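To keep things simple, chains are lettered A, B, C, D, E and F as they appear, and every chain counts its residues starting from 1.
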Amino acid sequence: MPASLRGEKLCLFRGERCLFQGLDFQVNSGELLLVEGANGSGKTSLLRAIAGLILFEDGTIYWNDTDVEKDRQGFLRSMAWLAHRVGFKGDLSLAENLRFEMSLRSVDGSETQKVLQRLGIERLTELPLRALSAGQQRRSALARLLLVKARLWIMDEPFANLDRAGRELVLELISEHLDEGGLCMLAAHQEIEMNNVMHRLML
Amino acid sequence: MWKFFHKLASPPHFYDLANKIIPWFIVPAILLITYGTIAGLFFAPMDYQQKDAFRIIYIHVPAAYISMMAYMTMAISAGIGLIWRMKLAHAVAAACAPIGAWFTFLALITGSIWGRPMWGTWWEWGDPRLTSELILLFLYFGYLALRAAIDDTSKADRSSAVLALVGAINIPIIHFSVEWWSSLHQGPTIVREGGPAMPMEMLLPLLAMILGFTFFFGAVLLRRLRTEVLYRERRTGWVKRMIQPAGGEA
Amino acid sequence: MPYSDSASPSLGKAFIALVRRDLLLAWKRPGDVLNPLFFFAMVATLFPLAVGPSVEQLALSGPGVLWVAALLAALLSLNSLFLTDYEDGSLDQLLLSPQPVVLLTLAKTTTHWLISGLPLVLVSPLIAVTFQMPGHAVGILMITLLLGTISLSLLGSIGAALTVGLNRGNALLSLLILPLAMPVLIFGARTVSLAAANDTVAAGIYFLGAYSAMAMVFAPFAAAAALKISNE
Amino acid sequence: MLAVGLAALGILVATALTLSAFQENMMFYVEISDVKAGKVPNNRNFRVGGLVKTGSVHREEGEIELSFVLTDTANELTVVYDGVLPDLFREGQGIIAHGRMGSDGNFMADTVLAKHDENYMPPEVAGSLAKQQAANSAATTEETDPATEETTE
Amino acid sequence: MPYSDSASPSLGKAFIALVRRDLLLAWKRPGDVLNPLFFFAMVATLFPLAVGPSVEQLALSGPGVLWVAALLAALLSLNSLFLTDYEDGSLDQLLLSPQPVVLLTLAKTTTHWLISGLPLVLVSPLIAVTFQMPGHAVGILMITLLLGTISLSLLGSIGAALTVGLNRGNALLSLLILPLAMPVLIFGARTVSLAAANDTVAAGIYFLGAYSAMAMVFAPFAAAAALKISNE
Amino acid sequence: MPASLRGEKLCLFRGERCLFQGLDFQVNSGELLLVEGANGSGKTSLLRAIAGLILFEDGTIYWNDTDVEKDRQGFLRSMAWLAHRVGFKGDLSLAENLRFEMSLRSVDGSETQKVLQRLGIERLTELPLRALSAGQQRRSALARLLLVKARLWIMDEPFANLDRAGRELVLELISEHLDEGGLCMLAAHQEIEMNNVMHRLML
């Protein structure tokens, strides 16, 4: 069953400034939408607004052709969010953090071990998250993304703080996700090379 | 009907409209308050017990009544703003708060001044009417403080709306407290079973004052609202055009 | 491709997960539980010091002082209710989880009460003794504190949600909540005074019960709405 | 659905509890009848309210202490007070007294506050009404409301 | 190559710069100044509510209650003394600036007092009136509060420095500071009570003066040391 | 007058783990030391320890051949620090923040305008810093670095969140700094190409 995310006539203000107006976009199953733009052009704001964390001034987001306002719960079930801040509790260990995320979403954790190994953080599960380095924390956030098994990935600068191996791993993961019929919306300053369908949205 | 509301809620239209209706509030306010003051201070007979001290009723009761009405106006418009995302309604709520706070203050002060000769005390901690009115003042303060703390207007609007709605529970408590708990503050005089417990010569000026204060409240509200709307729309075309004289663009 | 969007996530499981996580966090930082208690004890000892050591006066003002101390202790611990989640970005994740936000606020409030309200109730008899409160009044003190702290946690969750991210510490939060908390304080303290004087206490307890029932119905929704707005 | 049900239940409980609260005695405020029945807090201040019985105010020569009888028309209570009286304190007037029970069964007040009722009227009306009332007080025990009578005239 | 390391940076200028910046911050968020005041007023109203309406009792416990309220208001505003700097990383920058750390803590404490202590002193007469405090006692109240809040800000800076980054809200901070603040509270409240009873007050005022002088000498150093450790 | 920063027999623990032991390094005027290593290898920790924010278990840092412990004040005068967190007050505008930094260090601000223009943030001086985007905030941090005019720059992942133009600008700035006889110590995951002398420290 293919899925799609579409935005129509989007208009967003931050403070007094209009970031964009009349913006349209569409992503379908198996496609990546790369959001590009100079610093301050509004990438983060766009992603947050699509997720529903801030309000659009105008315009509508459709998930599978239904207005997300009508069924936000359903939309959120299909979405996973990766942003600047990791969103884990610094005092809890990685294992505890992931266990919480999974029961919050009623996802079973049978694949945890595999995912952690793939991300190279399987030995860090018992340290409090606060003690992990910047890059290790971002890898942990990736672990959540993988475990949640959502169809739509929204990622804001996923490559920041990652070493070279980490960046390549992220590309690989995205590619696999798209191959399985997932969608991805990604804001980044890096050039991306992939064999999947990729659209660009220039802000 | 819907279209009418839509037009009413459009800021430039409202800005002009408000300007036109303000006189319709100011004039009756002045007339009623002048009549009420003169009739209340000089012509109304004095009370058999309180003598002339009772005349403070002509400020206390209208002020107390406006303090509650302003809160209801604030809470209701905040609710409308929250549910229908109407910016003008939020502006109304924001404009109500300081006015309401001042009237609450006035009601507390006049009540307290009145209480000294009447009851024999400025303030009675155990009285629910007094306490809940004080809580009202604190609720206004909280509302104003919350607004002041948030920079973003739209966020401030919605956050403070939640607070205004939560605090609305206090209003019926203020009103019914004298019936629920027997205490120092008197029960209702005007609206009560068996009609007002007050002769016409006293009552008419009081009603005039209440109505006059209401019109006054409306006028101040509209004025504040105009400034509020102008401030909120300061970056939009119509405000800029209005502020700059035609062709004044460099 | 077993995407999780097919399964409808369980409400109860999510509620328990959040309560468990926050209890775990409290366990890792026992200070969060102990500090309000110490604070309670300290305020309760400050008053006798400041007011002077007259035994009669102590007994008279004891219920009031204890209740004010409890109120302040509850208020102080409220600040961090949503703050840490806001700051480390996990509030974003919570709001974006496919669960009704009101479930989340309710869960967080429940934990807050378990961590700060309940211990206060349990420790209050110890402090009541220093105020020379008679035995049966201590029981009433505990009951009123039990009902009162529930209301306070619920009301406080609204304040905490409204002020999260405003960086104002506790002052603004207290300012918003105190007016609503005043009735709880008044009835709580009065009821304990009445009990200390062997008088009837039912009215006060009914009232406190009614207040917390009302708060339980409305506060989580108000807090949820406020939280969404504040996180913008 | 579940949420609505729970909310309804909560409101129901709240209402029931509020109603029960009002069934109970007002806090800190004691009816004269209860005082007479001995249902008073023994070692604590409380408040009583009622009307000052006409002709009961009584002050010993050269003393500031005075006593008067407080009545709710059915029961009576003697109040002893040695402080400043509010201007409005006079016989027939409603008052609230703070204080505690003395060992002699009298109420030892430390504050007396005048309570004004909701009636306002000019002195002439009050005067004529009082006369009228005195005239037919033997006939009717029910208290007439002077204000309503005045306005219906 | 005019590198700045050749010039020796001026201490006075840095002190003033930091005070100015923090005052500017307070100006941009007037709540930081107003909230402790409101809080002070609220606590001062809570007591009469909770303790009951007897006028006599109010006058008796007035000085104590006012002093406890002032202490709590001062404590509440302390939490954010170094916290915001810690959280946004500007504490790193301050510690890495070529200025003695004690200068920085002293500057921040000064601002804290200007923002939270001084307004409290200025507003206290208003609140004293509601407690029916006689006129000359109000003057003494202001003097004791003036000296007392200076000590509290200085002591508080140590506590704030120790607890910064522990994410504990105010509870731990209060816990650390209250023991040291108790003498201030006791002498402050007693002195005002004595004044209200037309008694001699010199001893109390001397003590408070001595205490704040001591605090001024030692607290900035202790706070500086604590700050460096907390920021690790 | 050439300057140098030298570390000898450095050993650092985080938690129970020894990050490195017996580490030596040296940077001289006009040279860049690039600290490399996978995520979690200890780059950030090393930089913080050199700056004195955390303590080495063992070893000594010499600035111009004097132990920094002996004259920390003097060392700090010569050092500028750029890290993950910007270290500005979010409520104050960029202009106010910079003015504060300069009076704190008794630096005159005559070049402010020029520096801001170079960084492309000259129009943002009046917005509260909190309102700036991730990249704009990092540019503001760079402005401080330039204005403080320190001889030694310590930079932790300065490229994070910057767009392509921003990254190139940073390289240019570093290069100019080195040409003028400055020193730079930099932790990054990017490849760096510059004409100046560059050593690498692999963790």
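Odds and ends about this structure:
The rule is short, and it goes like this: contacts are C-beta pairs under 8 Å (C-beta built on N, C-alpha and C of every residue); 3 or more make two chains touch, one makes a residue touch a chain.
Since the structure is predicted, the reported quantities are computational estimates derived from the model, not experimental observations.
The set of chains in contact with chain A as well as chain B comprises C. Centroid distances built from C-alpha atoms place F farthest away from chain B. Residues touching across the chain A-chain F interface largely coincide between the two copies, over half of the numbers being common to both. Each chain's centre was taken as the mean of its CA atoms, and the one lying most distant from chain C is F. Across the two candidate interfaces, E-F and C-D, the one carrying more C-beta contacts is E-F.
Chain D and chain F, compared by their mean Cα positions, are separated by 78 Å. Between the Cα centres of chain B and chain D there is a gap of 33 Å. Centres computed as Cα averages put chain B at a distance of 57 Å from chain F.
For the pair chain C and chain F, the distance between mean C-alpha positions equals 45 Å. Of all residues in chain D, those that touch two or more other chains are 22, 26, 28, 111.
Of all residues in chain C, those that touch two or more other chains are 29, 84, 166, 168, 172, 175, 178, 182, 186, 190, 193, 214, 232.
Within chain B, the positions touching two or more other chains are listed as 121, 124, 126, 131, 138, 141, 145, 149, 152. Within the complex, the chain B residues that touch chain E are 121, 123-126, 131, 134, 138, 141, 145, 148-149. Chain D meets chain C in the complex at residues 3, 6-7, 10-11, 13-18, 20-28, 41-44. Listing the residues of chain F that touch chain A in their complex gives 14-15, 37-42, 44, 84, 124, 127, 131-136, 138-139, 157, 160-167, 189.
Touching chain B in their complex are the following residues of chain E: 29-31, 34-35, 38, 42, 45, 48-49, 52-53, 55, 130.
Interface residues of chain B facing chain C in the complex, by the touch rule stated above, are 82, 131, 135, 138-139, 141-142, 145-146, 149-150, 152, 155, 158-159, 162-163, 165-167, 169-170.
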